[in-house]
Amino acid sequence: MLQYIIRRLLYMIPVLLGVSLVIFILFNMIGGDPTAVLLGKNANARAMADLREQLGLNKSLFLQYLDVVKSAFTFDFGRSWATKQEITYMITQGAYPSLCLTIPAFVISTVLSLIISLVVAFYRGRGIDLFVRFFCIAGMSISALTYILAFQWIFAFELGWFEISGFEYGFPDFIPYIALPAIIWIILSIGPDVRFFRTVILDEIYQDYVRTARAKGLSEVTILLKHVLRNAMIPIITYVVIQIPFLILGALLLESFFGIPGLGGITLNALNSSDFPVIKAMAILSSVVYILFSLLSDILYTFADPRVKLK
Amino acid sequence: MKENSLWKDSFKRLAQDKTAMISLVIVIMYTLVALLSAMGLIASDWAREVGASNLPPSAEHWFGTDIFGRSVLAKVLRGTQVAMSVGVATAVISIPIGVFLGAIAGYFGGWIDDAVTWLYTTFSSIPNIMLLISITMILGKGLFAVYIALGATSWVTLSRLIRGEVMKHKEREYVQAAGAIGGGHMRKLFRHILPNVTHIVIINTSLQFQIAIKSEVILSYLGIGVQGEPSWGTMIDDAKLEISRGVWWQLAGATLAMFLIVLAFNLLGDALRDSLDPKLKGK
Amino acid sequence: MNAPLLSVKNLTVDFHTSEGVTRAVNNISFDIPAGKTIGIVGESGSGKSVTSLAVMGLLQKPAAKIPSGEILFKGQDILKYSDSQMRDIRGNDISMIFQEPMTSLNPVFKVGDQIAETLRVHKNLSKKEAWEKAVHLMDLVGIPNPTGRAHTYPHEMSGGQKQRVMIAMAISCEPKLLIADEPTTALDVTIQKQVLDLLFRLQQEYHMSMMFITHDLGVIGDIADDVVVMYRSNVVEKNNAQTIFTGAKHPYTKGLLACRPKLGANPKRLLTVSDFMNESGEEIKIDTAKVVVYDKEVVPEKSSDILLEVKNLVTQFPIKGGFFNRTVDQFKAVNDVSFTLKKGQTLGLVGESGCGKTTLGRTILRLIEPAGGQIIYNGKDITGVYGEELRLLRRKMQIIFQDPYSSLNPRMTIAEILTEPLVIHKVGSSKQERLDMAKQLAEKVGLKVAQLNRYPHEFSGGQRQRISIARALMLRPEFVVCDESVSALDVSIQAQVLNLLLDLQDEFGLTYVFISHDLSVVNFIADEVGVMNAGRIIEMDKASRIYKNPKEEYTRMLLSAIPKGETKSAT
């Protein structure tokens, strides 16, 4: 087990090198010379050379690549072009508002989806099942942008039930600001979640061991909640854990619409101001977090499924 | 005597599925609109002023007009061309890459498999939205960057699915039988295994298509997608400023247009999975 | 005599699907007296499993409908019971074990808990009491070290042990009726014997009634009191076991009895159901010419030329392990095997699953690379042959696989499957010529020419195996490995395919290596038999001699495990 974790940790290295390589190719090789962007069209050659020196662009490509790799381990991403702040500082500042929104929304939507899918699986093939399935698909077919615009307009603007935009730090204070975006998050997640959970649960329901459980005289509810759910939890855990990195990435669109100063908002601002280092930093950071959580999900998998024996 | 291939069986089953058939009709209609628009036969004059500014929907202007007095319906139709082109381009880029890499990794195993697995682990480790943003930002705004970005992200799922399926089929006795009668790698892989995994490509493409459409809308909304042409995403971006003034029809038009095609692809994907998956056959 | 424990009266079961209504069980009646064992025999699709599920109340609800009939258990019609009443009976008064021990247990729970669960549901035992009882039951069904094994998960057990766990679970509440649906079909012969003995012992000890469902009449000879024979949804014959085995009346039953190869006799061909009965189910006269019995020992050897010589053959698979998942050891699946095979002869290889017989067969064909030794085919060592030369060799050596469902490419027509070998080896000048060759051979193996443009899924298991055979023979090979080629088939179909293999051997002068776990089948078809265990051939001799005078203890054990195909009272 320990050996597996160590080996899995070691496998992170080539993947991290790969991620760095992709980002390096994108930003350092294809991205071209950013000095013109930074200094404007009328910059003199001298200033451009200085800036190149300062940004480390005079180094060989290999050394530049090493810089990218290094930042993936040290989280030292340099400064933003737009705000001139340390990017690491910007990220630590943005994490709090983002997590205030995403964690509650994520927990509620996951639990709710699981309950819905169990009910739907119990009544599989009947009216309620078809109804929920159709709503999931229909809900998924509407753009996230539409939900945000329509909900903000109706519930915050017209009805005034929620704050239209902004954020306040501290526990109870942020609730009015995150409530509406959290509700939208939940609506957006329930569709795909229920669809996935339902499929997984139904896959299990038609297994032979369920027939055995019936032959034992167990009730359908016991079979679903004990035998089926325990097996279905294995893929469900993996699916849920692998979503966690996206919480850290923040809710890009929600944050920008609702004026929440989180990581998602930072990313979008950087996008609008062509702030390459911030985008690059967010890409590296989110990849590192993703890799860590996929490791975690693999490890949890081995606990959830006794059949997986890892040496 | 009539032959009855698995494909024929599948399509027969599909034809009996009413939702699937309605979805298919919707997809065909959108394709027609996109083609006619691309040929300049419809909506080519979308930029023309047809009435006053911000007219609500009426018998004359079904979807109303925008701030410049342009027909929202024409913009929606023109946007269809953009949306469908993104879906097609994504498929054209991702299917060859995904199938090729997945197939050789699953079939040959060994270092080839290690390399391909590493490649798609790397790509799937960068959250899609970050990769999309990075690529479009660096390649410069525009539709071309969107094609490349979506192509670069969508081959990963297909490749992983194909790899798993090829590995499974490689061990089947019919493939070993092909070896026993003297068939080489090429025959085993292309004549025997690939026709048995094609359904995965079809199902996956149907689902990827709608993901591509949704992504294009968001990228265009963010201003890094299509430029100088209407797209459902830019229409929603326009609507952001209009909606507080009660001008909702541009949002509704774009949303409805996108809803129908995404819904159709979702339902079609499900129906295809049910009818093409040979697991259900003979059991 | 008292009223029977279970009485099925005029039961009919229909399945409603989108394609229409199928009658799975048609107006059948039979009784199971208390403390007796009833065997229900029939081929797949005859309705025997549906009957058992109907008794359990486990038929798939919306699709399955019971338009008429009664199932009386202790005088009560349980078809009228509510769901909760049926739950009280299931696992308690009536319990069931299934065919697939591999998938019938829940993979994520300890086996001890799974047995205890039944007790807790029906007997209101505390957690601790139920666990102790579960351990006791595991001991009772012969699982060694039950205290420790109760903590293991299903995947850590062998197939036989899993089936024992299933049995422990089924008898935990001391049911009045135990339904066993093909409980030994998925198991090796030796394990099958042990499980049958166990079921018989438990049935006696607990004075249970048992409903034993099987496609193989031979299996239940030892344990059944009465036999019910089902054919195409109907009961065609029911009687006490002795009468069935000695004086069956219905031609289908006669066919079933005759088609099973027996150790004592050496018929030239096996009689099959179709020798007794025509398509519409009417009895026909047996062609006496087919009932030739001969002694293999006095049959002159067909030839003295050696076709194949295997010398010290070794095949190994790497065992991965250690920190970097590198090869740390080699598992010798085939370990130092040597034998010679003459032209036109059949070598039978028998052994339990995992003994290396399949690997040996594929190594000889060079589908798996050998690690050492020599394969001398027609006087030439072929272990070092590659590329074009190996491809040419494939024309001479062929294989017929086990699983008729996975050995044919589902996306190719039968014509494409049969002509593919010709295309690869550029035999025949035109498409039409190849097709004609395929037609010719298809007729020889008993397929209709009109069926050639169909796809594999439209054929039954037996027909698919005929297609596989035809494919293997398209290139007119001299040597064919039959790898468990009849093991997945019902006994009646198995006999037809065995006859076909013998006919083809005569006609084309084929040499076979016939791999099987079933000794009676090997005895029927093989001239010489090699017994394999742990990668080695431990005993090899003329077929007739090995069955009369086995030298090795292991061989004796394999032999004693074969069902006699007779009743217990007759032996």
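Just so it is clear, A, B and C label the chains in written order, and each chain counts residues from 1 on its own.
Keep this in mind: a residue touches a chain if its C-beta (ideal position, glycine included) is under 8 Å from a C-beta of that chain, and two chains touch if they have at least 3 such contacts.
In this text, all values refer to a predicted model and were calculated from it rather than measured experimentally.
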{"item": "Chain contact topology (line, ring, star, complete or other)", "value": "complete"}
{"item": "Which of A-C and A-B has more C-beta contact pairs", "value": "A-B"}
{"item": "Between chain B and chain C, centroid-to-centroid distance (C-alpha), Å", "value": "47"}
{"item": "Chain A-chain B separation of Cα centroids, rounded to whole Å", "value": "22"}
{"item": "Inter-centroid spacing, chain C versus chain A (mean Cα positions, whole Å)", "value": "51"}
{"item": "Chain B-touching residues of chain C, taken from the complex the two chains share", "value": "18, 365, 367, 391-392, 394-395, 398-399, 401-403, 405-411, 413, 420-421, 424-425, 450-451, 453-455, 457-458, 468, 471-472, 474-475"}
{"item": "Interfacial residue positions of chain B with respect to chain A in the complex", "value": "118-119, 121-123, 125-127, 129-131, 133-135, 137-139, 210, 214, 217-218, 221-224, 232-233, 236, 239-240, 243-244, 251, 254-255, 258-260, 262-263, 266-267, 270"}
{"item": "In the complex, chain C residues that touch chain A", "value": "56, 58, 62, 84, 87-92, 95-96, 98, 100, 103-109, 117-118, 121-122, 153, 155, 166, 169-170, 321, 323-325"}
{"item": "Chain C contact footprint on chain B (complex, rising order)", "value": "1, 3-7, 9, 16, 172-174, 176-184, 187, 191-192, 195-196, 278, 281-282"}
{"item": "Complex contact set, residues of chain A against chain C", "value": "3, 6-7, 125, 207-209, 211-219, 227, 230-231, 234, 304-307, 311"}
